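Let me begin by handing over the structure; questions about it come next.
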Amino acid sequence: MIGINKNATQIMAEIVSNKKVGAYNHIVFAVGDIASRSKPGNFVAIAVGGSNSAMVLRRAFAIYRTFDKGSSGGLLEIVVAPHGEGSTWLTNQLPGYKVDLIAPLGTAFGIPTEPVRALLVGGGYGSAPLFGLSEVLKNRGCRVDMVLGASTAMKIYAPLDGKRSVNSLTTVTEDGTTGITGKVTDVLAEIIETNEIDIIYSCGPMGMLEAINEISSKLDVMHQCAIEESMACGIGVCMTCVLPIKGDDGQIRMLRSCIDGPVVDGESVVWDSKRSIPKGTWGAH
Amino acid sequence: MIGINKNATQIMAEIVSNKKVGAYNHIVFAVGDIASRSKPGNFVAIAVGGSNSAMVLRRAFAIYRTFDKGSSGGLLEIVVAPHGEGSTWLTNQLPGYKVDLIAPLGTAFGIPTEPVRALLVGGGYGSAPLFGLSEVLKNRGCRVDMVLGASTAMKIYAPLDGKRSVNSLTTVTEDGTTGITGKVTDVLAEIIETNEIDIIYSCGPMGMLEAINEISSKLDVMHQCAIEESMACGIGVCMTCVLPIKGDDGQIRMLRSCIDGPVVDGESVVWDSKRSIPKGTWGAH
Amino acid sequence: MFDYKTSLGQAEFSNPIFTASGCAGSGRELSQFFQLSELGAVVTKSIMLKPRSGRATPRMAETPSGMLNSIGLQGPGIDIFLEKDIPWLREQGANIVVSIAGESVDDYAVLARKLRAVSGISALEVNISCPNVENRGQVFACQPNTARAAIEAVRRNIGGELPIIAKLTPDVTSIVEIAQEVVAAGADGLALINTVLGMVIDTNTMRPKLAGKTGGLSGPAIRPVAVRAIYQVHEAMPHVKILGMGGVASGRDAFELILAGASAVSVGTATFGNPNAVMKIKEELANELISHGFDSLKEAVGYAHRAEGNLL
Amino acid sequence: MFDYKTSLGQAEFSNPIFTASGCAGSGRELSQFFQLSELGAVVTKSIMLKPRSGRATPRMAETPSGMLNSIGLQGPGIDIFLEKDIPWLREQGANIVVSIAGESVDDYAVLARKLRAVSGISALEVNISCPNVENRGQVFACQPNTARAAIEAVRRNIGGELPIIAKLTPDVTSIVEIAQEVVAAGADGLALINTVLGMVIDTNTMRPKLAGKTGGLSGPAIRPVAVRAIYQVHEAMPHVKILGMGGVASGRDAFELILAGASAVSVGTATFGNPNAVMKIKEELANELISHGFDSLKEAVGYAHRAEGNLL
């Protein structure tokens, strides 16, 4: 555990651009050499509300992409859904404004050493980190299929260059405003079988990740997912973001999703443990 | 007491201009018909910090001037010293931003029915409400002399058109960076006697007002002063802004400076009662 | 039709949004901004037997998401209050809850006797918890026996009709214990919570900012304490009506207190930031309730206590 | 030269800025951001006898200028802690204050015995006030007799050297009474304050937001409560050293607690908002002290209590 977040630094990062894209804001920050240290799956923690804010905690956002232009010019991009007051505040900040930002944080998606057939599944803004991942996978010679789902078309985040980086893109909306009508999980089994998928990478709401894991489990496909737990610090000091994870030794432990996650092995998560400690967890009583 | 603040309304007022002038910011708001209802001495109460602010109370500022351009175009101006977080926030807001503002509040300077010789004394930003007062007095045929004091030149607020509206202007600074070196009270007795002053109007820090009152008392000149007490609400509901005032019946009462002030008769104030209730105050025990 | 009515003891109110004691002046100050009759009730500033100058200034300090006050119950005393304030409030068509505060058990008894014959009052809020009076040791609501004695004195002297709402301080080891004591002593309802004892030191003068040194903390900062106190007391005594307060600044906040167990909600500090806060909250709360599918306010009271799995 | 040193009992510290228990992980997480040896001390997360999973999630809710947590003392237990964390902290050159928490008086006794022979520890913080453990009735610091029993157990078992700092909850009717009791029982100093019991109800689910329902309120919202508690206790027992905490987010805030009577200041929630908060506060506090004319930290401790008129 020595070297926790050893790449992370805290900087005042200037907003370079902030644009509305569907239901989200695509925000670009000047972050210097943080860009070169970030990997797909890592996240940033941003202080919100300005200096007299009643909001005392940071907000976590998945890194959508980074551009490494050397130590002076690195860029980092995120996709923000205005949810509550903090994220809404962030979507309202103008270019030129500087935010207090810590990055890169957390675990990254594991990249296979061999070329594999990967399926990337994103829910809502959960698609964001998958595009950077897709690029890395393609560079390694992988085939990349992608399924994006949301309640409605406005909540599908799939920019043009992102679309180009994958071999196939399937979109699914609950209200049918774009793509297939339904949930992402409705289409997974078929794609997995047709395309002989080796590994699923997913990011989105917990309910979706759990449903994906059921399928990957049944079909015996590897599954790495980026989870989203309520976080107070993002750097491992508060213990609020824990979830029950089964270790290689079979022992369930309450691990921090900001340090041991957000990317975890879907099989290791004890799903549906919301509001309770699973029996047999280390230290439960 | 019925009809408390009967002219006051709460509006979202757009900032029309915000300029640094010496140590202060001169801020102009579009306030519609509030402009026509405001009198010299009245103040505004402004919510600060934006929607997620940790600051829950309004800030009070004396009305510097108003321009009544009919119900659509009224303007209201204030002069703000960046003091703590709230006033500093206000000085940082840009034109186009709308603030939640209540005005006009509190008592106004009493205007003599006959032409008199008036001396207006301001300390720091306390000069602000005196220029509007000066105009009213001049229109009534009064002679108006003005003395402005501050610690240093940057803290003297005396715009050109303001200077033009008075018969004489004396400036006094403690560090001698402009005008006479010293305190305003050093020059008062002479001006009062030379110009045969009938009434003093003053606005500034409590210590200055008290010192002026000592002089006006000794020389038997009327004295109206605009006091500045810590205010939580500005509209008379919280009872935090009280100060001991002697009534016509000789009884001292703890009166609200936001409703029975900010303009009060200098003679009626029980000065130097900070952090204690004067003996004999109504209800003291 | 959505039913916004609520009740505390026998008293009925058209809606659950009240002013908080000490935060609405005499009522006249707010009537410039809205009609007092629009409120569920005006809760008056705690009135004592005699005129009172209150504490010396400074009496207030702003704090993060809150404020500290030490007004010290400034007021004209019960006689002038009954002569001047009550008739005026009645004229406005306001529903009136009179808050009383005493320095001795006997004070409470006398105040109750003076009020029993007064018409046009809906309920009595008995402030046994103001932390601003001179002797901290004398706060009635801090000890079960003194809390009981004050409420018994009011009960014995008020006659049968007027509901008694005992206002408690959260500054105790167990608020449930005090609540049970005052209900046993005859309180029909509980007002939760009064301010939390705090202090601010002015780092310029390097002394306590308030002349009275300590003061009462109010505003959004204390809302989690209010929700906890209301939840605990409602859980222990679900049939006792609660007038909730503490940091309510929006309809969402009022809804939170109602879910915890409050039948009505008083708004204090928020009015200082916005004189129209009560009207805004009244409207927002109705929208919250309706959008969550409630047909009446009463259905939502204490809804956070329902058994797991039980959804509307 | 400005003297920033401070002491709690026999323990000396190079400066008065500590981490707060439970707010600095194992130390490793923060060491990415600054050298732990720069701190006055690292106060460890309260350690218990056995490994502990802590409470179910959600464990936190943000509140106005604060947060609620119900971690439930998750940790590896004293044996693994002594094996893995202490040696690592010692290697970093950190000054170490170990916080312990027990479920029974005997737990405290055993923990003290396990720690008495451990070298490289400066002091023991005895958490008898965590409101997150399952049974609220079992909070030691809420009653004089249980508070006393826990501290006595530590005193008897710790041996002569290590200063004992008892950490108290503000959720009591009289914190001075509890403070006097634990000092009589052998505490060398006091840690004031732990979190304030609170609750947030999620208005979407219409249930308490935290799985454990109630949680501890921390952050700037509670600073006035911390200042008041420190001031009251320092006034009653000026010779007992206080480690102050509660809502400190700047040098100004730390200065406020020191003026009230704290000899050192722990920073908790502020670290969640800014991992470098402790270093920022350490620098800002020194500037505050120097600009107010103090030659040493010690002169400023309790300075707000000086007689009227007495200026530096």
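Should a chain be cited, it is by its letter among A, B, C and D, assigned in written order, with residues numbered from 1 in that chain.
One rule holds in what follows: contacts are C-beta pairs under 8 Å (C-beta built on N, C-alpha and C of every residue); 3 or more make two chains touch, one makes a residue touch a chain.
Please read these numbers as outputs of a predicted model, since none were measured by experiment.
Common neighbours of chain B and chain C under the contact rule above are A, D. Path length between chain A and chain B in the touching-chain graph (shortest route): 1. With every chain reduced to the mean of its CA atoms, the largest distance from chain B is reached by A. Looking at which of A-D and A-C shares more C-beta pairs in contact, the answer is the pair A-D. We define each chain's centre as the mean of its Cα atoms; on that basis chain A and chain D are separated by 35 Å.
For this pair, chain C with chain D, the centres built from the Cα atoms lie 33 Å apart.
In this assembly, the C-alpha centroid of chain B lies 46 Å from the C-alpha centroid of chain D. Looking at chain A, one finds that residues 54-55 touch two or more other chains. Within chain D, contacts with two or more other chains are made by residues 64-66, 219-220. Interchain contacts join each chain to each other chain, per the touch definition above. The touching residues of chain D, counted against chain A in their complex, run 22-26, 28-30, 32-33, 45, 50-60, 62, 64-67, 69, 71, 74-77, 88, 211, 219-220, 249, 269-276.
Contacts from chain B toward chain D in the complex involve residues 54. Residue ranges of chain C in contact with chain D, taken from their complex: 61, 63-66, 68, 142-143, 171-173, 196-201, 203, 206-208, 213-214, 217, 219-225, 227-228, 231, 247, 252, 255-256, 259-260, 288, 292, 303-304, 312. Those residues of chain B that touch chain C in the complex are listed here as 1-6, 8, 10, 47, 54-58, 100, 102, 229-230, 232-233, 235-243, 253-254, 259, 273-277, 281-285.
Contact residues on chain B toward chain A in their complex (touch as defined above): 49-55, 85-86, 89.
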